[in-house]
Amino acid sequence: MLEELKRRVYEANMELYKRNLVVYTFGNASGIDRERGIVAIKPSGVDYTALSPERIVLVDLKGTQVEGDLNPSSDTKTHCRLYREWKEIGGIVHTHSRYATAWAQAKRTLPCLGTTHADYFYGEVPCTEVIGDRAIEKDYEEETGVQIVNAFAGIDYRFVKAALVACHGPFVWGADAAEAVYLSVMLEEVAMTGFFTALLDPKSTGIKQSLLDKHYLRKHGKESYYGQSKES
Amino acid sequence: MLEELKRRVYEANMELYKRNLVVYTFGNASGIDRERGIVAIKPSGVDYTALSPERIVLVDLKGTQVEGDLNPSSDTKTHCRLYREWKEIGGIVHTHSRYATAWAQAKRTLPCLGTTHADYFYGEVPCTEVIGDRAIEKDYEEETGVQIVNAFAGIDYRFVKAALVACHGPFVWGADAAEAVYLSVMLEEVAMTGFFTALLDPKSTGIKQSLLDKHYLRKHGKESYYGQSKES
Amino acid sequence: MLEELKRRVYEANMELYKRNLVVYTFGNASGIDRERGIVAIKPSGVDYTALSPERIVLVDLKGTQVEGDLNPSSDTKTHCRLYREWKEIGGIVHTHSRYATAWAQAKRTLPCLGTTHADYFYGEVPCTEVIGDRAIEKDYEEETGVQIVNAFAGIDYRFVKAALVACHGPFVWGADAAEAVYLSVMLEEVAMTGFFTALLDPKSTGIKQSLLDKHYLRKHGKESYYGQSKES
Amino acid sequence: MLEELKRRVYEANMELYKRNLVVYTFGNASGIDRERGIVAIKPSGVDYTALSPERIVLVDLKGTQVEGDLNPSSDTKTHCRLYREWKEIGGIVHTHSRYATAWAQAKRTLPCLGTTHADYFYGEVPCTEVIGDRAIEKDYEEETGVQIVNAFAGIDYRFVKAALVACHGPFVWGADAAEAVYLSVMLEEVAMTGFFTALLDPKSTGIKQSLLDKHYLRKHGKESYYGQSKES
């Protein structure tokens, strides 16, 4: 069932591979059918070159498998937690993309250092706290989702669609799996440029609010004027 | 109309893509027909893989669209401002190329750290002031052009054909769109090598004037002897 | 003889080349037939584009050549020493991959800075002592193996399947040549991300034990739940 | 005339391009016929994609053109000076390869930081003095050759076949153009790894003499045992 969703989740996973954000079996993309409460996700530990729409696994919102011969991604519970917490997201991506992961490993929030960042993320991309020992023991992947949600106290997940999980790597979301992939590419792009910027200007804390507003809002929101909205 | 100009602007945009200076819809190249006062520019938010000569948009020197089904680049007014200010340029390119953008985000002028830089840019590539709040509110893209022009007080735009817009990224120009693309590649090259140099030698301020003169003038100007001038 | 082993060692070497871990004739992969005590290894100084299964050289566990027209890799004795010391390994890879080599040249152990590292290596990847002058004179390649084994005092080679040889580069091992190649790719990945992390957070010493345990053990050991174990 | 030499010089130039050491018209490779005292070199400012064996230019040892429709490389006099000074070299390459150029721009000698460097260069790769104003005025390209030779006081050019020209970039030489290209690739490789090493370990000054001797001499000299010497 849900052939169309599985096909789109498959394509999102393959785009991760083509965009060089993953090696071998790293990373995973998922998408949700909100009406049925079913999540389609990459199988665990399968090489991208061996992936097909049929191998995409279906789980319910608690992470229980409902279709597929293969085990779902080991990060499935993190995805499901985010889908349950945040009703307006339709796709999630997790990668170990190099520069975003470096910021996460340094346990540093990624500041908004330029207009490219502002075009896609409305402010800094938060880094979570390091997960506690009890949370690791209890239910590690579920609790990783909790950490992400906690990092968004005071931040609207609809305007900053990415988080850095401390010591781990990025999670990114969007309206569907394709948008989550697209924003994963952008996150890596700004994490890379931000890394270079941090070395050239170690004290940099980010651009001013007026410039952030201008760039984010000319692309998003009611008065946006970027792109071809008349087409859509 | 202006089929030849549109074709050349299309090709310049595609060269940006092939040279890996842009991802997805980033960046834009334009060219001008000085006689008619018409600028050809990339449409806004269109993926390079979906571009064609027919989709290139025509605007007048104030940025008003005169042909094309798609909206012009959101940076159109910046291009037009530069074309109005600087009569001897025929093409402009804007990218978020990684190393040039890092210098811009660090709000640092790119010093001339070696002869490769001197071969193409006659001295440091200036970084603008951060744009003021009133300018952002008034007419952001137009005022970005003003910032660039202001950064060239005391610098001849015909010998240094690039600027770093603070917190944003590079703008590069030339005799036509093709030259602006070519110099965008060179700017990224020297921004990259300059980044490595800055890490190996943080106090470096640049090469001496006599070496800058030698390299720039052996390639450009009346007594140049680089290349195959007898061919042209 | 041992056509199948030679074919698999050939393929492992070619994977090094495809994964961009080697240039020209750098690096080498080997595999062992434990029953016969025969090691198959890349010939010395042969370009990857000129390699074939037939050109793979066979040596005994002392490094004496038993088959092949070409000389074996100059690192053969290092491989043989490791095979003799560590009975549970079936494949070894040596490269000069860039980031792992940089850590080795800096004579720095690679700390476990994130969960990607923890997924593949159970703790820091040790860096050997700089080899002594007498050991260089006596039997350099053999003694390089000794240095590696010495660096594993207190570390189990079955859980950390890689070493950095000071001033030199990485050696990696596994159940067979293919696993050693796979882990070489992973080592380069975490050495790269670790390099970026070290620049963003110079005081970082690595993730906590509970997180290391969680990630390593969910992929390896009796209670692992990553991947498709039911398939194998 | 000298069709074979021109073909080999053409191929050496194309290898620079394939190995990503040059962009557009950067760089040049030359080779010499010692008997006739004729040097074959890339034409000036010609794109690699437009190169052919017929377009390779012939000059005598003073740099005077003796064959070819195109002007020779603007660096021709530097090549000729080195051929006149150092009788045992048969090929020369100049590039602006990124990491080697960064060291040159930082005016820093490249120390021998690891065994990969020691495999190909017998000690540090020297960086010249910054060229004097009078030398620039007098005969810039010729004097660049003089700078390189001066940097080799106390260093044997037959064992360290590369120099960094301060504020400029690398020159590399060898038995023929092909070896000079090969060593240019290796120089870039060790300049890159050396750059990473310098950031991880800023005080590093290089490996000890015994290790340098071991690696250089196992590949070169009378008692070398690397590779397939019995084949040649």
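As written, the chains take the letters A, B, C and D, and residue 1 is the first residue of each chain.
Note that in this section a contact is a pair of C-beta atoms (placed from the backbone, for glycine too) under 8 Å apart; a residue touches a chain by one contact, two chains touch by 3 or more.
Predicted model only: the values in this text are computed from it and were never measured.
Novice: According to the touch definition, list the chains common to the neighbour sets of chain C and chain D.
Specialist: none
Novice: Give a one-word verdict, same or different, on whether chain A and chain C use largely identical residue numbers at their interface, taking over half shared as same.
Specialist: Both copies touch with mostly different residues.
Novice: Which chain is most remote from chain A in terms of Cα centres?
Specialist: The most remote chain is D.
Novice: Just the number, please: Cα centre separation of chain A and chain D in whole Å.
Specialist: 46
Novice: Just give me the whole-number Å value for how far the CA centre of chain A lies from that of chain B.
Specialist: Each chain reduced to its C-alpha mean, chain A and chain B end up 33 Å apart.
Novice: For chain B, which residues are shared contacts with two or more other chains?
Specialist: Correct list: 199.
Novice: Which chains touch which?
Specialist: Inter-chain contacts occur between A-B, A-C, B-D, C-D.
Novice: Going by the contact rule set out above, which residues of chain D touch chain B in the complex?
Specialist: My answer: residues 23-26, 43-46, 70-71, 74, 96, 98-99, 101-108, 130-131, 133, 136-137, 140, 167-169, 195, 198-199.
Novice: Chain C touches which residues of chain D in the complex?
Specialist: 113-116, 182, 185, 189, 192-194, 196-197, 199-201, 204, 207-208, 210-211, 214, 218, 225-228, 230-231
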